[in-house]
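Note that chain A is present in both complexes that follow, paired respectively with chain B and with chain C.
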Partner chain A sequence: MGREKEKEKPSEKALNLLRSRFSDPNFIFKPLSDSPDSNYSKLKFIISTSVTEACNNSILLLGARGSGKVAVLELVLSDLLQQYPEVISVIRLNGLLHSDDNCAIKEIARQLCMEHQLLFSKVASFDDNSQFMIAMLRECGLAHKTIIFVLDEFDFFAQGKQRLLYSLLDAMQSVNSQAVVIGVSCRLDVDQLLEKRVRSRFSHRKLLFLSPSKEDTERFMEHILSLPVDSSIPHNYAAEFNGRLKKIFSDERFKELINTYLSFNFTIGHLVRFLFQAVSYMDLDVGFLSLDNFKTALSSNQRQPKLECIRDCSILELYMLVCMKRLEVKEQNSYNFYSVMTEYKSIHDSSQTSDNYAANVCLRAFEHLLQRQLISFIDNRLQNQSVEFRPVKLLISSAELHQGMKSYHQCPAILLKLMDR
Partner chain B sequence: MAVEGSPLVTRRATRSYAASSSGVESTKPTESYKPTLNDLGFGKQPFSSEDLFSRFPGRRTQILEFLRFLGPLNSPLFPILVYGAPSTGKTSVTLQVFRHLNRPFVYSSCITCYSPRILFESILNQLLFHRKDSGHSYSSVKRCERPSDFVNYLREALEGVISNLKGNSGKSNSKTSGRPDGTMVYLVFDNLECVRDWDKSSTILPFLFNLYDILKMPEVGLIFISNTSPDTYYLNVGYVEPVPLYFPNYTEDDFRHIFMVNQANRKLYASFLDVVLRPFCRVTRRVDELAAALSSLFEKYCEPLSDKQVTPNEEMKRKLFSQIRPHIASALNETFQVQSQPETNKETKKTNSSRMSGILENFDKIDFHMSTSAKYLLISAFLASRNPATLDASLFDSTGVSESRKRKRKASEKSMDQKEMAEQELLMKGPGTFPLERLLAIFQCITSLAEDSLDEEESHEPTTEGGSRGLMSDVLLQLSSLCNANFIIKGGSSPLEGSTRYRTAVSEDLALKVARSLKFPLSKYLYRR
Partner chain C sequence: MPAIADRNSSPFKGMPAAKSCEVVGSNGCYTPQKRRLRSDTAAVKESPVSTPMKLKSPRRRLISSPSSPANQIKEDLSGKPVKKCWNPRDVEQMSAVKEALHVSTAPSTVVCRENEQKKVLDFCKTCVKQEKAGSLYVCGCPGTGKSLSMDKVKQQVIDWATMEGLQPPEILAMNCTSLSNTSVIFSKILGMHQSKKKITGSTSPLQHLQNLYSNKQAPSGSKMTLIIADELDYLITRDRAVLHDLFMLTTFPFSRCILIGIANSIDLADRFLPRLQSLNCKPMVVTFRAYSKDQILSILQERLLVLPYIVFHQQALELCARKVAAASGDMRKALSVCRSAVEILEAELRESASNLSLESVEGEFISPQTPQENSTVRIDHMALALSKTFRSPIVDTIQSLPQHQQIILCSAVKYFRGGKKDTTIGELNKSYIDICKSALIPPVGILEFSSMCRVLNDQGLFKLGQSRDDKFKRVTLKVDEADISFALQGVRLFRNCLQ
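Take a look at the complex of A and B:
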């Protein structure tokens, strides 16, 4: 009923705009790329010179996950594709998908065929495909076309025999080929993983992607959160939205909050995710971002999953955990359900409690703990041994358990006492 | 356009039916049904958000948060990880939220899709509106085993669906035609924790978590549902974590609201819950287990009442409480149990249990039927598992009774420390394994002994040849059926001997019960340290 009306709401429009910005890496990384010493400019220079000078090249883009390596690369590539439309063809591979040599070379052949309107044969062997790739490299070199290979998650290609990397880089050694290999990885030591024969063929050009400086972060947040005043969004609304945003940015508490967040998640990708959360907490009826939105987003990021797990347990499950803790204190380093049960029984013998349950009920509680990953089997190989006999270990520290039980609603006092003794 | 009659929808409806427990009209799958775009929606009339909140008592904040993350129509979404303990309503809230929003989504559970290939193909089948049927011998639309193929096909399929959705959204009023709203497609991966146990989990998990970055399609929303918290997924590969959405366990008040839904006599049920809910919450805090325990207990609670519509007063409550109290105590110590034939006598009672050991009632009799020779076989397997093989000769030599005194003396010589250590070790090791020959030898010994006692003659001559003739006929058959029933577990063959080794999972209680039913003096043969 109200959906048609809601569509006209400016706040909803604004929210949609902001959210589509978050998922658009081109928009996010545009402002960070204009300065001459940015990675964008460097990368663009390197690739465009190798395109114009018709030479082979190889680069590594290194940086933490979410630091925008691929996004910047995509920006550069889209610019270059506009600049030299006929000359460049891009082959994209991902280590998560194509770490298998066979599969990778097939994918290269497939993309080359797509690019050049050739017929791709699914049944072609590894040998056929690699011959095809080498032939294509030569042909493209003769026609003065550059093939750019983008290898995302480069460290996965460095596993195994590195046949793909070798054949690719070896083919580039010949004079008449013209290709650029761009490796993207979050392992800074990825060039150490390469075999000698591969490493010697690789140019050791590296671009490091660092976390943004404080000024950059602020500039960036303003860029991404402020609304355009000259769009379909009503002008008054956008102006007020931006005004309030400025006020939040200048707030000391906000700066502190962002610093806390960035102290453990320092990349642009994490920041964008954080802003996404904050923006989704925005109240559509009010229609403006508030400091509370950011606070909620921060607190939902500072979760302690193990404590949550303990708070979800029933009292009997807590008893089981405490028994295991006591066994560990007694320096019994491996224990299974039955040894926990003897401890549980001895607790009840020494101090009469109301929570004395039968073994099968305890076993069920024990299995719940296994399911929640508060405990786990020490050895995963003994599959045919039944659950009760397999040795387990605690996956929480005693401090965590203590803290969890203190924050537990209606935790029996005796349990806390048993923990200490 | 009616959307009733799609089998896809029926399946979803059954999943949510259990949780929402509100009447969902039954749908009839038609033979020649062709899935269309409409099947990506939930397929039922969408309902208001108030309806949604009332369906899930105690989940208001979680639903609100979920709706906020999903955002208004056509707004992109970062991957979300919905996590929380089992039976906290993660899956049903997710599905019902999509019903409320009437947006297209693809649901696949990693329990039913138990391998990467099946998971990939099930997603593609749903996206490409393909239904397995006899026409193409139940094959999937695409054969795809590798993530790389999957990404290519998925991108293709999603592009098709999204352009289709975009074409539709302009045309007609979406409400009347039953079409899903918006141009976003959501992929829901349920039971993600199962993926960790897959063979290729080390590549599939990072792949799934990075799928959003790999696809680079803002029109696709990914939702992961998991029993375990995000910290159990840390891998050495790394990924930008999905946005967490936590479903905490229900509190006692929430449980009260949940169980009060759809009760005929609310007052009576409330007084029942006052009595039983607290003790049961101490044992387990899972709705499914509580519901199973409470439903049978409520019947007992109502037994003294002639009129079930009565509003209980204080005195009646007290009377009912004293009636139910012993039942509560026994029910607390039972796990899930179903009576197969409620009208017949106690002997036919069956426990419905996942495991044979440990789950037993307080009856002295065993509660299942078993042939005499199978019982003997079980006992001998139990003995073979518990006793050290070196003692067999002394235990079963002639009658075996005379040895018991010697053993006791031996045990008393040990110091207490050593004894404790040995006990611990025994607990840790669990039942021992034994070869088939040993089992058969013990079986022969105890059956011959049993026949001796039947004849009431104390003969020192072991009459194995004659005694076992009747019982030996199908021992191996019995053994394999015991193996199938999980009483005896077939282990791997030992590298030295090369023969298969067995092990029993039978608890001592059960073994004693079986022995008692045969009047077999089991404790005499059991070696105790």
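Take a look at the complex of A and C:
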């Protein structure tokens, strides 16, 4: 018993360690940033040269959501803040919150006040705030401090008259100020959204955050899932964990699984979420990851709710759906309960099955389908007509219906035949 | 104050002795650690111009302007009349080059804009001489030197007026984007005029100005006001009142303001100020055309004259000038392309140096290569910089999308080839399933499909409309079909598909 308890603890510890790793963007992006031509080193080079040579610069970071733009930026900024502690101040704005000019200038003034320990007055007007910002830029330029503006969701700042962008970029054209403007956006054509004046003042540097290649992905997964051998986790447990992990990685089925997942969504954010799920499915009694964990994670990612709905339907409801499908095939695009009943009766006349029910039972099944949102009314305004007369439409495509019925073991074979005809 | 290494101050404090280039970079540290303080450069204004260089006269003018990197002259090896190659590893030289190419460094003379400057200057001169009001409108694409030229004209008007013994005009230069309210401009003009008299609360600043200009001014020698309004189109309101009133101020009989407006659109005066024509006082229009290839080339060379060494190959500069002139004629772009070419060279040298130092036996630093190594910016660096600036990232992104999203793009292209411009997600799904079936790839369900469409919408490749139900959202393709075909041509599946 004591041994079992001891065996529980390392796997729990391992689980906690892995989960904390997945939530830490620093750990995730550090190994991907080691090579010299990675985005991390390029960004660091640009910002550090702007700081040391006291010249102004503007950059755009572009990439899909979850590809690590803000994470890499934060890594670079924390490194630079350590390297030049007194020289850099960072102002962060977000396009979802501060796209209005007044809000943005107020926020800039407030953050500048906080950085330099000045008193911020909430009743300052737009003019006062913008004068303050220009004065601070000039003062910081003279004192050789660089202000770094980080504009998240940059495409929202490009709406409207773009006054904030213009005034920021224009302030950087003067010799007095020392500032770096970093825009982060997921739209690739964001510089086409800028007005031509603003675009001309922008220095056209773009860093593209693409998804890593296959080898990099494999290396990344190995790095993030391997347990460290010299931590509080017992050594032999960690070694066996890593050994089993290596075996899983070299398995062909695993490779295929990962390829399938990555063919939908290739960003690091998605991959991390998938690995988190897989790790959470780890059986604590066994204590090691297995291929089934990954398979379960993949299938839980690819849920198809409408198919699951079909599996919960009764046979009569399935009959109604098939009748509606046949009506659609016969080019009758709008049908109500009575036309469906006609079709239902004609099926039973031709094939004499045992599922012939009366109209009120069928109406109950019809209402169940409505509630489950497998069908819906075409026009929601005619509320006063009764249910049987209002036209309905199918909310599930024929392919899904077919697939759902095929995976439904109790579905009578005649229904499938009726679908095919 | 940040703690700055005191190696910083030594090269700049009045040491005209020749310094060889290798001294600074010899400890092999390649990251620029020390910073050149601009205040130091500004302090060394009066440097002795004693080096006997075969230099053209602009250099002498550059020395006396406060923003010139005058320290560079002291680094010359005295007596050498010909420009030598630079050492890109030298931190000071690198930062000097970048400073010379930076947009914020204003050159002392504005080359290639002499005609336009002369026109504006003559107009101002006549106005000041005759003490008459007038208005002028400067227009042109961004990056053509309008604001820069107006700065120079400002100074020239004052100099000329003091020389002629006339009263120099008071200058009000402002950028209309910084005005919170469009009618604030009138209070600013009024503020220039009457700093002594108090403004009564009942009349607005505009009415006050109008009253002022309608009545005869008592002293005839009072100053004229030169108003330079940058980015004039921010004053355009719905009823166009402010712009009208501003220009009408110059039409009053006793008006004393000279108005120069700067904007981008050529026909601003015609479209927004029709009443002025009937009064026969339409503003004079000076157009700043986009720079041609020769003009860009000469401006770049003028900027690089400051440096005593050759940085760029002549063909690299020509390539840059040609490309930028063909694209937009925007000088800022040309400068930024040159700067990024310099950075590409720097990165290349750093990488080769780090490779060399990895190969060295005991891990000692290797002394930097002698400047005989070909270290100017060549055509390939410039071509790389141009492609980075002008090429959109769309092709790269499409090539790195996951497979199913590429199939979605492909199916969209195929669907829209029939002439339709937009469709619903449900229809697109059908087309997508067809392609998947023909390629024997299992298609994904409708939920996953619509979330992938949303990802493509976020990235700017699709445009999704609004609808309550996912299946009925309208989809439009925002990328050119040729771009997609070009990006996907490497994969056989898409090649066959898009034929």
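Rule of thumb we're sticking to: the second predicted complex is superposed on the first by the 296 of 421 C-alpha atoms of A that agree within 3 Å, B and C clash if a C-alpha of one lies under 4 Å from a C-alpha of the other, contacts with A are read in each partner's own complex, and residues count from 1 in each chain.
Quick note on the criterion: contacts are C-beta pairs under 8 Å (C-beta built on N, C-alpha and C of every residue); 3 or more make two chains touch, one makes a residue touch a chain.
Quick caveat, the model's predicted, so the values are computed rather than measured.
Student: Touch check for A:Ser174: first (chain B), second (chain C), both, or neither?
Tutor: After superposing on A, A:Ser174 lies in contact with chain C but is clear of chain B.
Student: For A:Ser334, select first, second, both or neither according to whether it touches chain B, chain C, the two together, or no partner.
Tutor: first
Student: First (chain B), second (chain C), both or neither: which does A:Pro305 touch?
Tutor: Both partners, chain B and chain C.
Student: Who does A:Asn56 touch here: chain B (first), chain C (second), both, or neither?
Tutor: In the superposed model, A:Asn56 contacts chain C only, not chain B.
Student: Considering only the touch criterion stated at the top, classify A:Cys186 as touching first (chain B), second (chain C), both, or neither.
Tutor: The answer is both, since A:Cys186 touches chain B and chain C.
Student: Should A:His116 be classified as contacting the first partner (chain B), the second (chain C), both, or neither?
Tutor: Touch partners of A:His116: none, neither chain B nor chain C.
Student: Quick one: classify A:Leu208 as touching chain B (first), chain C (second), both or neither.
Tutor: A:Leu208: touches chain C, not chain B.
Student: Check whether A:Lys406 is in contact with chain B, with chain C, with both or with neither, and answer first, second, both or neither.
Tutor: neither
Student: Name the contact category of A:Arg65: first (chain B only), second (chain C only), both, or neither.
Tutor: Touch status of A:Arg65: both partners.
Student: Could you give the residue numbers on chain A that contact chain B in one complex and chain C in the other?
Tutor: Correct list for chain A: 65, 186, 303, 305-306.
Student: Please name which positions on chain A make contact with chain B in the complex.
Tutor: My answer: residues 3, 6-7, 12, 15-16, 19-20, 22-25, 65-66, 70, 94, 96-100, 103, 107, 186, 269-270, 273, 276-277, 280-281, 284, 300-301, 303, 305-306, 308-309, 311-316, 332, 334-336, 338-339, 342, 355, 357-361, 363-365, 368, 371-373, 384-391, 409.
Student: Once bound in the complex, which stretches of chain A touch chain C?
Tutor: 36, 45, 48-49, 51-56, 62, 64-65, 84, 86-87, 125-127, 130, 142-145, 161, 163, 166-167, 170, 172-175, 186-190, 196-197, 199-201, 203-206, 208, 210-211, 262-266, 302-307, 397, 399-400
Student: Within their complex, state which residues of chain B touch chain A.
Tutor: 68-69, 71-78, 83-86, 146-148, 151, 203, 206-207, 210, 213-214, 216, 218, 227-232, 237-241, 243-244, 246, 248-249, 251, 281-286, 289, 332-335, 355, 357-360, 424, 427-431, 489-492, 503, 505
Student: Which part of chain C faces chain A closely enough to touch in the complex?
Tutor: Touching chain A from chain C are residues 1-4, 31-39, 67, 95, 98-99, 102-106, 141-143, 175, 177-178, 180, 231, 234, 264, 330, 332-333, 336, 339-340, 343, 347, 351, 354, 388-389, 392-394, 396-397, 400-405, 426, 429, 433, 444-448, 452, 455, 458-461, 478.
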